[in-house]
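To keep things simple, chains are lettered A, B and C as they appear, and every chain counts its residues starting from 1.
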Amino acid sequence: MAKVVFEKVRKTFGSTIAVDDLDLTIDEGEFVSVLGPSGCGKTTTLRMLAGLEEPTGGTIRIGDCVVNGVPPAKRDIAMVFQSYALYPHMTVGKNIAYPLKKRGVREPERSERVQATARLLELETLLDRKPRQLSGGQQQRVALGRAMVREPEVFLLDEPLSNLDARLRAHMRAELIELHRRIGRTMIYVTHDQLEAMTMSTRIAVMNAGVLQQFATPADIFHRPANVFVAGFIGSPAMSLVDAELTDPGSDGGGDGEGRFRVRCGALDVALAPGLLRESAAPAPVSLGIRPEDILLGSGDHSAAVGVVERTGHESIVRLDADGTPLIARAPGDTPIEAGETVRFSLRAERLHLFDGVTGQRLNAENR
Amino acid sequence: MHAARAKVIWSVIAWTIVLAVVFPLIWMIVTSVKPQSELFSIPPTLAPETITFEHYVRLLTETPFLQYFRNSMILAVTTTLVVVTLGTLGAYSLVRFKYRGRETLATLVLFTYLMPSVVLIIPLYLMMVKLGLANTLTSLVIAYTTFALPYALWLLRSFMSGIPEDLESAALVDGAGRMGAFFDVILPQALPGVVSTALFTFILCWNEYLFALVLVNSDSVRPLTAGTMNMLITAFNIDWSLLMAASVMMSLPLIVIFTFLQGTLTKGFGAGAVKG
Amino acid sequence: MHSVPPSLEKRYAMIGAVLIAPTVLVFCAVILYPLISAIYLSLFSIYTPTLAGEWVGVDNYGALLASGDFWNAVLNTLIWTVGTLTLQLVCGVAVALLLNQSIVFQSLARSLILFPYFLSTVVAVLVWRWLFNDLYGILNHVLLIAGLIDAPVNWLGQMPNAMISVILVGAWKYFPFVVIAVLARLQSIPEQLYEAATIDGAGPFQRFTDITLPQLRDVLVVVVLLRAIWDFKEFDLIYLMTGGGPVKATQTLSLLVYEEAFRLNRMGMASTYAVAMMLVLLGFTLLYLRQTNRLEEG
């Protein structure tokens, strides 16, 4: 059953298009991340769903109802803000109780539910404190509690972890995953951090410049990015993307007699695995994408000069220059490779990503 | 130590100037407790040789001073309540709502500074006469509101724009309507600013002279400012002791507000002072 | 629930409009009505006590331009405004710089310096008139002892003393406004700017001219414009100190309007003067607007 539906949703601010023709269907119980760089329209999308902004065009549905024009109070949603937005003049207990109070929940039920939520988030001892007396992590949990206490149909989270330090962030990621598992409600999570999106979501909606780039599971997004943007955005270190030329199997100067496509970029000349590209593929300028883990260093048909080697302990990130083509590769932490050396490498042919040189769209066949 | 010595030097200079600036007020108090005989001594004495409160007693018992005081109180408190209420709602509207003409309205607030009070006074006087309100406290409340409201709006706007928008959004999502969010979240946050503005408005009304002069001409309605000046010009001889005593008493609310709330007042004033 | 309710934004807009409506009403009373009235009335000759009038068209304006009183008032207003504004500025900035240093009882000093501004003009005038009193005023006494004058000075009944006295009292009363605005700005200048300059070898005077002054420039422009508008409009202080005397020597435009309306009982003519005043102030206000807009963009 669809829980949240965006149908041709558009938002413009004057002449700026913040969200352009968004079509998105989110199912009940999903944890969907809306991922993208600053200014891509993800927060605007969330705010339209919350009712804090009004779409310039299109419809938004929650459950069966069209919610355009419905005030936030009546939408059965809860939201956790990036700044937490805790009411400074109210105690933690009153903060959490506020949504219940607004819905007319009376005592003693109100206190009971506040207590239950506080217990769940380990906030019982803090109920009488004011927000400014709490640490960042505690404030974040209060914000969560205030959202949870109402048991809404949909949870909206706007970059809730971005104000926490790295360690706390990692901890809270796990907490949120556990929370979602436990309460099972639909969660929509806005972030610019791909690690959060990848680890926490059932599906990820990648946005850029107001346009939805891809909506798929983390695995699909990682292994089968729909276009150049998604390919370059997901994965750390980033996928190496270079301009290349796709040559016709069997044509002069390119073919090797076996009917396989070849892709050429500078000194790099690789034969593609059969069936890698879809039927409609034709010789053209392309973008070639290779993930660092798909470059095997040590032996192979290609060679490159080694630039900087960053050793992080458990692995090394090696920057290569293959005759003018920059590549990034992964190597074990104790790799003997040093900067300035020349190294041989091979590419995992079945793991190459090809994108149309003009549109940026994925050229690989389905499931390849 | 260099820093400690600098502190001493700066302190001496600063306090000399502060005391020089405040001296007229000190002199006012000193004069008010000097007996008449000492008052007219040449050379004048700096510290009173005898302290007497006879002038205060005379002020309170033989002049309409208390009546003036009462009028000023009623006037200032009423106007402050009206102005703060209208101003808080209006400032909220200007800061958090979007509607046509909002920017023009904000600019119009500024244009009220165009109006010299002498210019306002003529149409207001005519209006009051026509409404049959001439020479009443009500006419003064209306008149004072017209010039106090722009100041209040100006101050309150800068306070309210400092409140994070997220707080209101959170309240809306939590189930409040716009006005619910206003009372539950905005108002408590803006409270220091509202208090500052109320105090500022009170002082403004308490000190106002011209409107009181023109719109009112009987002692029963006269506020302190016009009343005291009236005492000055209707007297045969200028009674300085009495006038100084009156001045001290007129400044009492100011002194009270200052002693207890100096922090709030300066903060509000500083924050709103130069912003447009 | 498949109907489409009226836009949320429109509903909010209506609430906003309602909230500001009373204020708008007041503003119509304050701005529109007086403006139209003044212009309207200036075309009449009206006898104040009875409010009986007759149409004179632009005769009043002709009389205005020909009137010696008018130009006298313009000159006096200019002298007063420029004089007291300059003093307010210089003293205000100096004292602000002073109070920005580390001194004992700093917050008390900062509060005390505000007193003249919040004091009633009536009280200020009474106190200063007593101070200026030629026989018993302490000012003359102190100056005599200090040997700066040989005989008691008539501060208010003689020119140029009267104008000077009024300017002085005006400066005393209003300079705290400058102090507060400048002090607030001074306190927001990051200490690091000064530290960096010191490391680069700048002495105290250089630090003042290179760091402090540029930061203050924006505040000062706004303060000057605001105070110029308010000083130009000032009525209470001058009226109560000298009444415009001796013989119109300190009569500014505000006082002229008052005199015409309530003493000479010529409300129409008074309105004409009022319109002239407003035009000048309009110029200042437009300047102020342009300046603050520039600040917001810059």
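One rule holds in what follows: contacts are C-beta pairs under 8 Å (C-beta built on N, C-alpha and C of every residue); 3 or more make two chains touch, one makes a residue touch a chain.
Predicted model, so just to flag it, every value in this text is computed and none were measured.
Enquirer: Go through A-B and B-C and name the pair with more C-beta contacts between its chains.
Expert: Most contacts of the two pairs: B-C.
Enquirer: From chain B, which chain is the farthest off, judged by mean CA positions?
Expert: It is A whose centre lies farthest from that of chain B.
Enquirer: Distance between chain A and chain C based on Cα centroids, please, to the nearest Å.
Expert: 58
Enquirer: Suppose each chain is reduced to the average of its Cα coordinates; what separation in Å results between chain A and chain B?
Expert: Measuring from centre to centre gives 57 Å for this pair.
Enquirer: How far is the middle of chain B from the middle of chain C, if each middle is the mean of its Cα atoms, in Å?
Expert: The answer is 16 Å.
Enquirer: Out of chain A, which residues touch more than one other chain, so two or more?
Expert: Each of 51, 71 in chain A touches at least two other chains.
Enquirer: Residue numbers in chain B touching 2 or more other chains?
Expert: Residues of chain B touching two or more partner chains: there are none.
Enquirer: Using the touch definition from the top, which residues of chain C touch two or more other chains?
Expert: Touching at least two other chains: 9.
Enquirer: Within their complex, state which residues of chain C touch chain B.
Expert: Going by the criterion above, the answer is residues 9, 12-17, 19-20, 22-24, 26-27, 29-31, 33-34, 37-38, 41, 51, 95, 98-99, 101-105, 107, 109-116, 118-124, 126-128, 130-131, 133, 135-138, 141, 145, 172, 177, 180-181, 183-185, 219, 222-223, 226, 229-230, 232-233, 235-236, 239-240, 253-255, 257-258, 261-262, 267, 270-271, 274, 277-278, 281-282, 285, 288-289, 292, 295-296.
Enquirer: Show me the residue ranges of chain B that touch chain A in the complex, using the header's touch definition.
Expert: 164, 166-167, 169-177, 180, 184-185, 188-189
Enquirer: Please output the residues of chain A touching chain C within their complex, sorted ascending.
Expert: 51, 54, 64-66, 68-71
Enquirer: Going by the contact rule at the top, pick out the chain C residues touching chain A in the complex.
Expert: 1-2, 4-9, 11
Enquirer: Which stretch or stretches of chain B touch chain C in the complex?
Expert: Residues 3, 6-7, 10-11, 13-15, 17-18, 21-22, 24-25, 27-28, 31, 39-40, 42-44, 46, 86-87, 89-90, 92-94, 96-100, 102, 105, 107-124, 126-127, 129, 145-147, 149-150, 153, 178-179, 203, 206-207, 209-210, 214, 224-225, 228-229, 232, 240, 243-244, 246-247, 250-251, 254, 258, 262-263, 265-266, 269-271, 273-274, 276 of chain B touch chain C in their complex.
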